Amino acid sequence: MNNEIQHTSTLSGPSSRRSKNAVGVWGQRISIALVALIVVACFATVDYGDKAPMSWPTLTHTFSQLLRPDWGYVYDGSGEDLVSLMLQTICIAFLSMIIATVLAFPWSFISASTLWPHMPAIPVAAKFVTDILRAFPELVYAIVFVKVVGPGPAAGVLALGVHQIGMLGKLYAESIESMDTGPAEAMESVGANFWKTTLFGRIPLLAPIFASLSLNHFEIAVRSAATLGLVGAGGIGAPLIFAIQSRQWNRVSILLLGIIVVVAAIDAGTGWLRKKLL
Amino acid sequence: MSGSPIQRSAPRRALSQTVHRHLWRNLATFALIVVCVLGASSVTGTSLIDAFENADQAADFFSNLLHPDWPYFAKLWIPLLQTIRMSVVGTVLGLVFAIPFAFLCTRIVTSNRALTAASRIIMDIVRTIPNLLLAALIVAFVGIGQVSGILTIAIFTFGVVGQLVYQTIDTVDPGPLEAAHSVGANRTQTAVWAVAPQVRDDIASYALYAFEINIRASVVLGYVGAGGLGVLLNSSLSLQRYDRVSLVILTVLVLVVAVDWLSGSIRRRLR
Amino acid sequence: MIVLNKVTKRYDNGTLGLDGVSLTVGEGEFVAIVGPSGAGKSTLLRSINRLNDITSGDILIDGTSITKARRREVRAMRCSIGMIFQQFNLVGNATVQKNVISGRLGRYSTLQTLLGLFPRADYELVDQALATVGLSDKLQERSDRLSGGQQQRVAIARTRVQEARILLADEPVASLDPVTSQTILDDLRGINRDAGTTVLLSIHSVDFAKQYASRIIGMRAGRIVFDGAPQELTDDMFRRIYTADGASGAAVSAAAEARAESIADDKAESRQQ
Amino acid sequence: ACGNKASSAKSSDTQTLELQFVPTNNDGSMQAKAKPFGDYLSKKLDRKVHVTLATDYTTIVEAMKSGKVDIGIMPPAAYVQARQAKAAKAILTSELGAYDRTTGKPIEGKLRDSFKGEVLVRADSSIHSLTDLKGKKIATLSPASASGYIYPVAEMKKAGVDPTTASTLTTVNDIPSAMTAVLEGQQDACFVFEGARNVFASKFSDKDLFKDLRVLYLTKGDIPNDAIAVNPSMDASLQDKVKQAFLGMPKDKEGAEAMAMWGHKGYVPANEKNYDTIEQYLKLAAD
Amino acid sequence: MIVLNKVTKRYDNGTLGLDGVSLTVGEGEFVAIVGPSGAGKSTLLRSINRLNDITSGDILIDGTSITKARRREVRAMRCSIGMIFQQFNLVGNATVQKNVISGRLGRYSTLQTLLGLFPRADYELVDQALATVGLSDKLQERSDRLSGGQQQRVAIARTRVQEARILLADEPVASLDPVTSQTILDDLRGINRDAGTTVLLSIHSVDFAKQYASRIIGMRAGRIVFDGAPQELTDDMFRRIYTADGASGAAVSAAAEARAESIADDKAESRQQ
């Protein structure tokens, strides 16, 4: 259908354009085919029989336990109950999010390729740094920071914070790359330098996006608290892991409930803030 | 210029009429954040000075990683392929469910507020469950193995990508949506025709972002008997074989860089 | 037939977009809405196919209230109401072809849309529409790579393929040169004459309004201040629409009054020849 | 004046002690509570003791190396690594309840400072000796776990079967998962600690572990219990004070309660020799 | 003085935006650029302050090449070149005031910008500029809550406070009613006469171009096809600019030719009176 029309095109441009497009189209098709092939191959080679038959008694037992949360654990004044530990977890997650935001924010401007049209090497190098930060699993950071500041919430804060610089840095940079450049262009046209353009033409548009990405990572940090339990870095992680390992589903259930409540609250906050900033 | 009435009406310009219109509100917000940060640091006992003083300990740890055990790669590549396979399948499964669900979470495909709210809550809960717990629950139901690993990854991806996608949908340019509405398109058509093109490159990059997280998540998934790089990382760590840890991390780094490059090139193409 | 009954629209921030507008537009009319910037022209057009919910009053399309209609009904009604937007509202990273064919979305089933299976005849319709606006060569171009006027023409082509019975056009020729503008307006008049489509357009050029419309509505500050045949739009009327008690800023009004007068005089002169 | 003030301040010269507990086997009765233990020790040692719980073996070794943990209660394999790095010195070993080695049931009132590894198979399984495990699927714990990996693997190698090449090993998170996998037929055997069936019996509502699972093999080597280790740089008098505090715990109501939360029944002085076996086995299992 | 020397701009997708344009605009001139949609008017204006990099040729501003200038120099040069964008380019979620004062960003230090400490006189300038475009009452409104014409006027106000020596305006009155358009154009002429600012604007209304400009440039398909005083823009010329060998689609050109002729005739008639 489309071919018919392409002949009637009157402004047929130089022939090089057409061949370049053709290469682009073929390149695109080949890469799509390749990705599809990989996906299909992955799906095809999984051994789906490699699982135990669902055992209904286990299922019902687990669920009946999950539905009977251990309410006694919510608060007992010992400082090792859900409320106290959850508070600690929230503080860990919040601080790590702040650290990550504060550091990832400037870094994302260095690693956004659209801001460095004349020096493409800089964003590539900056992105590589965030890639390295992301390549280390959280657990490794946790071990390192326990070694540095000793076991406790402080190690958790640092571990999550450093890990999230890499994650947020990437997402921030990508949103800078895909933002509307019109307003920034207008600032540039009055002779504003990079900083002024950014302050007036970019940050107002990016603020809501960055804020919601950061808040998402606040939530992710709350979830990651479980990993911190592995190394004794504070929060609800350790009790959660102990409860899981010993199949104390009613304890798991109350801990999970705590996390859900907190995350839902953060989520509500996120929504409100996004609406305000948009 | 002929603005005399204005000049008269604004002989003195209070700060509140300049760009500092919300100065006090903004300062209060800032102060609140500072207070929260201070409060949180005292609860957690975080002190950056302490961290910097002991930075040599971190250096000590990382110096262990400087000598990768290259020959070990011979044992690494099968778990590597397992990890990639698990991540690919898990991510794709998660995405397949997450994208339509993300549309349900916004007011674009349904006007039923209750449905929207319910979808968001479901997504919240799914997203909230820590990986370790998710893995434990799934193992309790379907036993250990790859399938459990894939299910864990898929559910996690569903939660994370779903949220990112619905937040992106909330911020698309409403113009094309209006245009689609104005020709009588129903909500699904609007979603497919006016929203999807605007968010497709974001979805692509979130998908790759999730894929990347999933590769690292296999560290946790090693626990469910799903194999993969995670098992190697964990055992090398606990046996203090840092030369092997280093090789595993380097492998992950290569994957991360590759995914990042892919994400960048897809976005460039779509932009 | 479009009937507006005491329609008031107040935006969330308190601005009064429409202030008790009552209006009846008959089948097959060609109505031009003129008025100063911020008068409420866009608000009026957008209320008619309910892209804006109105605050009070009622709007009837062929006797059915669109303001009270349920969603499915609104959708069905919109199917036959085409709209050209002031800001074009194209999907920037989709091709021109995709943007144009989206004008027919209301006719396809959801499944068809998902799969992108549209009849060949529709693609031909797209080609024709693009030819009418002179953009055949941009069929597969991304729409954000077009010049302002070209984007506006894509938006017009989109409405053309919709084959609607009512056409709302919000400044369809604002970004177009005089010759292309005429082509487009001639085309709208053609649709109006041949298919009996009701056309409601907002337009800044009073000359074009007079040349094409069978009826002109003048708005200012959310109210209708003139409603009549083109020849009834006297210089006095012109002055009343465009100048008055400071709807677009008190400071400007005195100067504007003078200017409106001079424009009116010009017109009077050129009419005398 | 300033210096005087600082030295006269009561708490500044007695630094907080950092204690981390990484349990060998979470036997289900364990509670994730650190406070009571910390409070008890604080009182006895007359200085603040900060207690944390963790499950990862690496951290405690690294943290002891960097001096950020002063007292570590840790699994034997981790202790051996810390010892090699000259970061830890065991002063005590914990005591746990003993098991009857024929029935697998606990023996009332009897304590032991060491335990063994078990290889479990399905009761109706055709596997009757370690060599039968050739070509079979085995669920193991982390390769740093003494009972869940090191001991059985080392002893299998001694018996002439190298499970790392001749069998398929699958690492799992926790013992219930491993036992479920064996019960459901996903795996042919699993490596657990002695008494695991007893400990987790209550978690399997529909199965009788003693009927459905059979002990194929009990490791020959004894695995010492958790080591209570201190930083070698700690001054001798403090080391002694710590030792006395732990030894006094079972006699003290408060202390006994704190111990019970972690499943410890008592403490005995550590014998470095007991840990040498692990060192050998670790080498054997690793290569 | 602006000198363009054989300037060619080819977009990445192969479209030729400018095709060997040479042009000299003297100090204090008021130049209107006319031409069909897609002719390259926006491309030309955007090249002058280097928002577009050009493919070949050279552009000199007061003897200095902006195409070869280093970034700091470009910035300094842009300080004295104002630009009104066809798509406005406002920051949608910022207030009108913030958008307007951003026109003076080139003059502030970075620290000042960071703290938002601008001189009181500048805020008054903002108020005056908004008064000139009749938007005093929208000072603290979010700019995406304004009507199309209001947004265009905010963009104009932003350029006004810049107090530039050269003004590039890309269809500054496209979305404005005739009276407001005249106000704006009068204002531009005032700046041109009083401060000697060079004004280069693209405009679709040939009438306005003739009325205000001291020189008219006609473009089509990336080339300059007319360059002369308003009175030299004969009907024949008009025809040559707007119709010819199918640059905006062959299909439309025959009809357009006829139409251009009729417009030209109209003009001839009205001039005779």
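As written, the chain order gives the labels A, B, C, D and E, with residue 1 at the start of each chain.
Heads up, the rule we're going with is that a residue touches a chain if its C-beta (ideal position, glycine included) is under 8 Å from a C-beta of that chain, and two chains touch if they have at least 3 such contacts.
Labels paired with UniProt names: A, B = Phosphonate ABC transporter, permease protein PhnE; C, E = Phosphonate ABC transporter ATP-binding protein.
Here the structure is a predicted model, which means the values were calculated and not measured.
Note on connectivity: the fewest steps through touching chains from chain B to chain E is 1. Chain pairs B-D and A-E differ in how many C-beta pairs are in contact, and the one with more is A-E. The greatest centre-to-centre distance from chain E, using averaged C-alpha positions, is reached by D.
Put simply, the C-alpha centre of chain C and that of chain E have 26 angstrom between them. Averaged C-alpha coordinates give centres for chain D and chain E that are 78 Å from one another.
Work out the mean CA point of chain A and of chain B, and you get 2 Å between them.
The mean-CA centres of chain A and chain D are about 36 angstrom from one another, to the nearest whole unit. Taken residue by residue, chain D touches two or more other chains at 56, 58, 62, 66, 68, 173-174, 180-181, 184, 186, whereas all remaining positions touch fewer. The residues of chain C that reach two or more other chains are 87, 136-137, 250-251, 255, listed in rising order.
Residues of chain B found to touch two or more other chains are 2-3, 5-6, 54, 57, 60-61, 132, 136, 140, 143-145, 201, 234, 237, 271. On the chain A side of its complex with chain B, the touching residues are 28, 38-39, 42-43, 45-48, 50-52, 54, 58-59, 62, 87-88, 90-92, 94-95, 98, 113, 127-128, 131-132, 134-140, 143-145, 147-149, 152-154, 156-158, 167, 170-171, 174, 177-178, 208-209, 212, 216, 219-220, 222-227, 234, 240-241, 244, 247, 252, 256, 259-260, 263-264, 267, 274, 278. Within the complex, the chain B residues that touch chain A are 33, 36-37, 39-41, 43-47, 50-51, 54-55, 57-58, 60-62, 84-85, 88-89, 92, 120-121, 124-125, 127-133, 136-137, 140-148, 150, 160, 163-164, 167, 170-171, 201-202, 205, 209, 212-213, 216, 219-220, 233-234, 237, 245, 249-250, 252-253, 256-257, 260, 263-264, 267, 269, 271.
Within the complex formed with chain B, the residues of chain C that make contact are 49, 51, 71, 75-83, 85, 87-94, 98, 102-106, 108, 110, 113-114, 155, 158, 162, 164, 250-251, 255. Taken in their complex, chain A has these residues touching chain D: 50-53, 55, 57-58, 61, 78-80, 139, 142-144, 146-152, 229-234, 238-239, 241-248. Residues 56-58, 61-62, 66, 68, 77-78, 81, 139, 142-144, 170-174, 177-178, 180-181, 184, 186-187, 282, 286 of chain D are the ones that touch chain B when the two sit in their complex.
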